[in-house]
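Right after this note come the structures.
Below, subunit A partners subunit B and then partners subunit C, in two separate complexes.
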Partner chain A sequence: MNANRVMAIARKEFLQVWRDPRSLAIALLMPLMQMFLLGYGVSLDIRNIPLCVFDQEGSQHSEALLQHFRASRYFEVAQPVHTYAALRHAIDAGKCRLAIVVPYRFSQDLSVLGRSSVQAIADATDSNTATLAVGYAQAVLNAFASDVEIRWSGPQRDTLRPQPLAVESRVWFNEELESRNFIIPGLVAMIMALVGALLTSLTLSREWERGTMELLISTPVTGTELMVGKLLPYFSIGLVDATVCVLLAVFWFDVPFRGQPVTLFVTTFLFLTVVLGIGYAISASIRSQVGASQVALMLTMLPTAMLSGFTFPIDQMPRLIQGITYLVYGRYYVSILKAIFLKGSGLGDLVLPIGCLLAYALVIAAIASRQFRKSVE
Partner chain B sequence: MGAANKPAVVAENLVKRFGDFTAVDHVSFSITAGEVMGFLGPNGAGKSTIMRIFCGLLRPDAGRALVAGIDLGRDPEAVRSRIGYMSQKFSLYADLTAAENLRFFADIYRVPSSEVAERMRRAIETAGLEEHAQALVSTLATGWKQRLALGCAILHRPEILFLDEPTSGVDPLARRRFWDLIHATADEGVTVLVSTHYMDEAEYCNRIALIDRGRVVALGTPRELRRDPRIGEVLVVECDDLAGAMTVLQGAPWVREVAVFGRALHVTVVDEMRTPGRLAALLRERGLQCSRIEVAEPTLEDSFVQLVGRGPVQERPRP
Partner chain C sequence: MLRRIIAILIKEFLQLKRDRTARLRLIAPPVIQLIVFGYAATFEVFGVGTVVLDQDRSQESRELIARFTSSARFDVVRVAADAEAVRTVIDRGDAVLALVIHAGFSELLEKGQTASLQVIVDGTNSNSALIALGYVSQIAAVYSRDYVAAASQRLGMPSARAPIEVALETRNWYNDNLNSRWFFVPGVIATLTMFMVVNLTSFAIVREREVGTLEQIMVTPASSSEFILGKTVPFFLIGCAEVVLVSAVALLWFKVPFRGNPLVMTLGTSLFLLSALGLGMLVSTICKTQQQAFATNFFVLNPLFTLSGFAFPISSMPEPLQWLTVVDPLRYFLIVVRGTFLKGVGLAELWPHFAAMALIGTVLLGFSVLRLRKSLD
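And now, the complex of A and B:
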C-alpha cells in the first residue's frame, strides 16, 4: 500500500463530496435534521393525555379528586361533559383519550362504605397509550385514596385504619425516567449508520456511472489503496458528525454524559468501520447509485432503527427476534452508547459489546476489501 | 520501425465472448515499438473490446495478449504502470479542476514528486489550458477535455498509449490539433494504438488494422490497404442523375460495389471490366448523361467499404 496514492484518492474523494451539494447535505445537514427531528419527535413518555370528566355528583369530594387529575402532568383535563352521549361523542371525535366518570354516590360510598369506584373509559384504538393512560389514572386515584385515608384517619379514628403500604421505587441511571435520555444516545448510532452507509454506498457506484472507474482500473492503484483512500474522508465526516451529535445531546437536549470521551471515540471508530465497510461492500457490488443507496439503507439504518434496542426494548421482543438482534451490529453500539452516557461505563466495563463490535468490524473489512475486483466484467 | 525493434503489443489469437456474442474472434497482430497503429472499423466491430483487453479491463477467453513483453493473463498489474489509457467515454473527474485531475493521476502513477510540478506544467501547456487550469473540468469544451485526458494518460511517461476513439465528437480543428499531440508523443518513442472511425484520421497512422465483426480483415500501411488485391478496380463516375446511375450500376453483375463520394460515384468492378468503356456504354444505353468516367486510385474509404461492408449487421458482399 502506497501512502501517496491513498492520500491522492482521499483528497480527490473529499473534494468530490465537498463540491457535490447532495453529498454535502447528507454529510452535514442530515445529522442536524435527524437530531432535532427525532430528538424532539421521538418520545416514549406520554404527557398531557386529553381527559374528559363526567362528574355525576359535583360534590366537594369529587372536585378534590378532579383536582388531583388537574395537578398531574400526565393529564390535560378537557371540558367537562354531562351525559354519557356527550362523553362518547368526545371520545369519537378524538377530544379525549380517557374519560373519568364519577358516580353520583361517590361521597356517600366513601364515607359509609369507606370505598367507592370511579369508572375510567379509555380509547383503545391506540392500545399502548390507552394502557399507559389507565395506569397513570390508577396512580392518580391511589394518590387521592391515600390522601383521603390519611385525612379521615385523623386523631379520632387512627386505630381503625392501617396506613396503606406504599412501594417506593427508585430508578437508577435515568432518574427522571426521561425517555429522551434513553433515546438520544441511540440516535447517535442511527444517524451514523444512516450517513456513513449512504455516503459510502455512492462512492464506487458514482465512479461506475460516470465512467471514471474504467480509467481507475487501468491504473496501477490496488484495491486496498482504493478502499482505504476512499473511506478516509468518510471516517473524518463520521467522526465530525458523531461529535456534533454528542455535543447536541449533552448541551442542547441535556442528556447526562457520565462516561469518558475516549470510550466514546474508540467505540465510535469501530462502529464507523462496520458501517462504512458495509457501505463500501455494497458500492462494490451494485453499480448504480440509486440501487446502492437503497440497499445500504436496508442493511444499516433499518436494522439499527428496529432491532438495536434504539426504540424497541430487545427483552420485550419475541425470542426468535431477540436471537436475530445479536446479528445486528447496531445493538452493540446502542448498548455501549447508553452505558457511556447514562452509566458512565468505561472501556473495561464494555469488553463484551466492544469485542463483538470489533469482531464485526474485522469481518466486514475483510468482506469489503474482497468485494471490489479490478475488472469491468 | 525496423525488424530489430521488439514488438510493444502482441495479440495472439485473442478471443472474447459476451454470452453468445463473439466480440473478438481470433485476432492476431503485433505493434512495433514507436509505431502509431490505427484501429479502423464500424461501431461494434470489437475495437474497444480489444483495447480494453490490453488495458487489463477484460480478460480474454482464449489467446494471449502481451504488452511490453508481459503476458496480461499472467501479470495484469505489472502492465498498468507502463501503459496509458483514454477510454471511449470521457472519464476524467468532471467535478475536479484540470490541475486537480493531473495531480491525481500523477500521484496514482507515482510520478516522482520532484518532477510532478514540471510535468503538470508541460501537460497544461501542451493542452493549451494555461488559463483554465483552475477551472472545473465540467466547464471545459470537448477539445480541451480530450487534450487534458491525453495529458493525464501520458503524465507518467508510459511506453504504450491506448486511445479509444479519442476524437469522437470533437470539431475538425481540435481533431487536427489532437493528432499533432499524438504524433508528438509517438516521436518521443511511445507506441500508440488508436481507434477511430474517421477515414482521414486513419491516414495519419503508420499502420492500420481494419476490424469488422471481431476480426482483423486487413492490416497494413494506409498505402498497402488501398492496394489490397481484394479490392477490385475503382472507377469514378460523375453523372447528372447520380441516383439513377447508382440503380443501373447496382444491377450489373460485374459491379461489386457502388458508393457515393461527394458528387461522384465510386464504382468497384471486377478486374476484367476495368476499362471505363463498358460502363460508359451501359449508362448511355439507359439514357444517363455522365460527364466523367475514369479509373481512379482507390481511397482508404474504398477499401473500407470493400473489406468491411457498411455495418456490423450487414453481410459482407461476397464476389
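And now, the complex of A and C:
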C-alpha cells in the first residue's frame, strides 16, 4: 500500500464531498435532526391511552371509580358512551384503545359481597399496548378498592387478613423503567448505520455510471489503496456524526452514561469501519446507483431497525431468526451501546461483541478490497 | 396522447425487463424481508432468563419457585448460592430477572403475616421488564389466593375477612391471543411498499437527468405530463403487485386473518401509493444527483417509518411530535391495513384516513408535477 496514492484518492474524494455542499449538509445535519425528532418519538412507555367508559350504573361508586381513571396519567378518558353499539363503534374507529364497562350490579356487589368486577374491552390489534393498558387498568382498580376499604372499615382495619405474599421489586440499570433510556442508545446505532451506508454505498457505482471508473482503472492505484483512500474522508464525517449523536443522547436526552468514553470511542471506531466497509462493498459489486441504493436500503435501514435489538428483544425471536441477527452488524453496536450507557460496562465486559465486530470489520475489508477489479468488464 | 404514454410505459418496462437483477430485487427481498421481520417483530415476553436464590429452603419457598419453573413466561437458568452470585449473573446479562426468597419466609407465612418475594429485574429493556414484572405479580397473586384457601381449609374457618377487591374481566377484541405478529406483519407490508415505491420513483427521474437522457426525452413529442404519467404508472403497478405479493405471504405463511373487504384494501393501497409516488417525485425534483436522492430518501423514510406508529405508539409521543405525524402517509396506511386485516372495518370507520392519504397524495403529486414541468419545459 502506497501512502501517497491513498492520500491522493482521499484528497480527491474529500474535494468531491466538499464541493457538493448539499450532500455534506445532509451527512452532517441529518443525524442531528434525526436524533431530535426520533429521540422524542421513540418511546414504548404508555401514556394517555384513549379510554372510553360505559357506565351502566351511574352511581356514586362508579363515578368515584371513573375519577380514579381520570386522575391516572396512563389514561385519557374520552366522552362517555351509553350503548354497546357506541362502544363498539368507538373501538372500531380507533377512537379508543380500551373500554371500561361498569355493570349495573357494581355498587351492590361491592357492598354486599365485598368484591365486584368491571369489564375491560381492549383493542388488541396492538397487543403490546393492550397488555400494558390492561395492567394499568387493574392497578387503577386496586387503588380504588383500597380507597373504599379505608373509607368503609376505618379503624377496624386490623380485622383484615394480611396479604400472605408481597412482591418487592427492584429495577437495576434503568431504575425508572424509562424506555427512552434503552431506545436512545439503540437510536444512535441505527442512525450511524444509516449514515455509514449512505456515505459510501454509491461511491463506486457513481464512478461507473459517470464513466470515470475507466480513468481510475488506468491509474496505478490498487484495490486496497482505493478502498482506504475512499473511506478516509467518510470516516471523519462518521466520527463527527457519532460524537454529535452521543452528546445529544447524554446532554439533551439525559440518558445516563455510566461507562468510559474510551470504550465508546474504540467500539465506535470499529463499528464505523464495518458500516463504511459494507457500503463500499455494495457500491463495488453493483454498478448502477439505483441498484446499489436499493440494496443498501434493504441491508441497512430495516434490518437495523428490526433485527438489531433496537426495538425488538432478540431473545424473544425464534432460534433461526436469532441466528440471522448475528449477520446484522447493528446488533453488536446496539448491545455495546446499551451496556456502556446503562450498565457502565468496560472493554473487558464487552470482549465478545467487540470481537465479533472486529471479525466483521476484517471480513468486510477483505471482501471490499477484492471487489475492485482492474478491468472494465 | 395515449399512444405516447404507452410508448414511455413500454420503454420503462423494457428497461426493467432487460435488467435481470432489478427484477430479482423487486420480488425476492420483500418476501424474504416480510418472513424474517414477521418473525422478528414481537413484544411478547416468554422464557425470561431467571436466576433463583432460595435462602429459606422450605416447602413453601420451593412451591413458590415451582410455579415460576412451570410457567412458560419464565426460564430458570441458574440457581444462585448467595446474593453476590445473583449480582454477577444479572451484571453479565445471563439472566434478566432474579427471584430472592429470604430466610424466614415460611415462618412469616405460617404466622399469618406478609412474607415477601424479592424481585430484581434488569431494566435495560424497560418494556420487557415491565411485562415480566406483571407476570411475577400475577403468579404471586395466585399463590397468595391458593395459600389462603389451603390455610382456611386446614383451620376450618376463615379467621378474618378478605380485603375489598375489584376484578377486571378482560376481552381482547380482534386478537384474542394477543399475538403480536398479527399486529406487525400487516405493518411490515405497508412499510416495505413505501420504501420500495419512494426509492424507485425518486431514482427514475433523477437518473435520466444525471445520465443526460432527460434531454432526449424532452426532444420527443411527449409532453411533460405524458412523461410524468409514463414515469409514475409503472411504479404504481409495481407497488400494487408488491402489496398483493406480500399480503399473500402474510395470509398463507403467517396466517394473519383478513377480515375486511379486499376492495377497501385496494382503495386504501391506491391512495397510499399516490402519496408514496408524490413523495418520490418530490425528492426527484429537489435532487440533482442520484447520490442526493439516495441521501434524501434515507433521511425522509427513517422518520416516516419510526414515527408512523409502526412500533412506537403515537399517543405516547409529545404533543408537537404527534402533530408532525399528521403528514406521514404511512401513519394512515398502517391504520387502514391493520383495520382491514384484523378489525374487518370498512369505509364507515376508515374514511378519515382515506381522506388524509388522498389529500397528502394530491398535494405532494400536484406540487412536484408543477415543479417538474417547469424544469422540463
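Here is the rule we use: the second predicted complex is superposed on the first by the 352 of 377 C-alpha atoms of A that agree within 3 Å, B and C clash if a C-alpha of one lies under 4 Å from a C-alpha of the other, contacts with A are read in each partner's own complex, and residues count from 1 in each chain.
Going forward, a residue touches a chain if its C-beta (ideal position, glycine included) is under 8 Å from a C-beta of that chain, and two chains touch if they have at least 3 such contacts.
A quick note: this is a predicted structure, and the numbers were derived from the prediction, not measured.
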Superposition on subunit A - do subunit B and subunit C clash or fit: fit
Which of subunit B and subunit C A:K12 touches, first, second, both or neither: first
First, second, both or neither for A:N4, with subunit B first and subunit C second: first
Partner chain(s) touched by A:N181 [first = subunit B, second = subunit C, both, neither]: second
Partner chain in contact with A:Q67 - subunit B first, subunit C second, else both or neither: neither
Touched partner set for A:I321, first subunit B, second subunit C, both or neither: second
Touching partner for A:T224 - first (subunit B), second (subunit C), both, neither: neither
Residue contacts with subunit A in the superposition, subunit B compared against subunit C: C
Partner chain(s) touched by A:Q79 [first = subunit B, second = subunit C, both, neither]: neither
Which of subunit B and subunit C A:F312 touches, first, second, both or neither: second
Which of subunit B and subunit C A:N128 touches, first, second, both or neither: second
Overlay on chain A, subunit C to subunit B nearest C-alpha distance, Å: 12
Doubly contacted subunit A residues - partners subunit C and subunit B: 20
Subunit B-facing residues of subunit A, complex: 2, 4-5, 7-9, 11-12, 15-16, 19-20, 210-212, 214-222, 374-377
Interfacial residue positions of subunit A with respect to subunit C in the complex: 20, 22-23, 26-27, 30, 33-34, 37-38, 40-50, 65, 76, 89, 91-94, 97, 110, 114-132, 134-135, 137-138, 141-142, 144-146, 148-149, 152, 159-179, 181-182, 190-191, 194, 197-198, 201-202, 206, 209, 286, 288-291, 293-298, 301-302, 305-307, 311-313, 315-318, 320-321, 324-325, 338-339, 342-343, 349
Subunit B to subunit A touching residues, read off their complex: 52, 55-59, 76-77, 80-81, 83, 85-87, 89-96, 100, 103-105, 107-110, 113, 136
Complex contacts: residues of subunit C adjacent to subunit A: 19, 21-22, 25, 29, 33, 36-37, 39-47, 49, 64, 90-93, 109, 112-131, 133-134, 136-137, 140, 143-144, 147-148, 151, 158-176, 178-180, 182-183, 191-192, 195-196, 199-200, 203, 207, 210-211, 288-299, 301-303, 305-307, 311-313, 315-318, 321, 324, 335, 338-339, 342-343, 345, 349
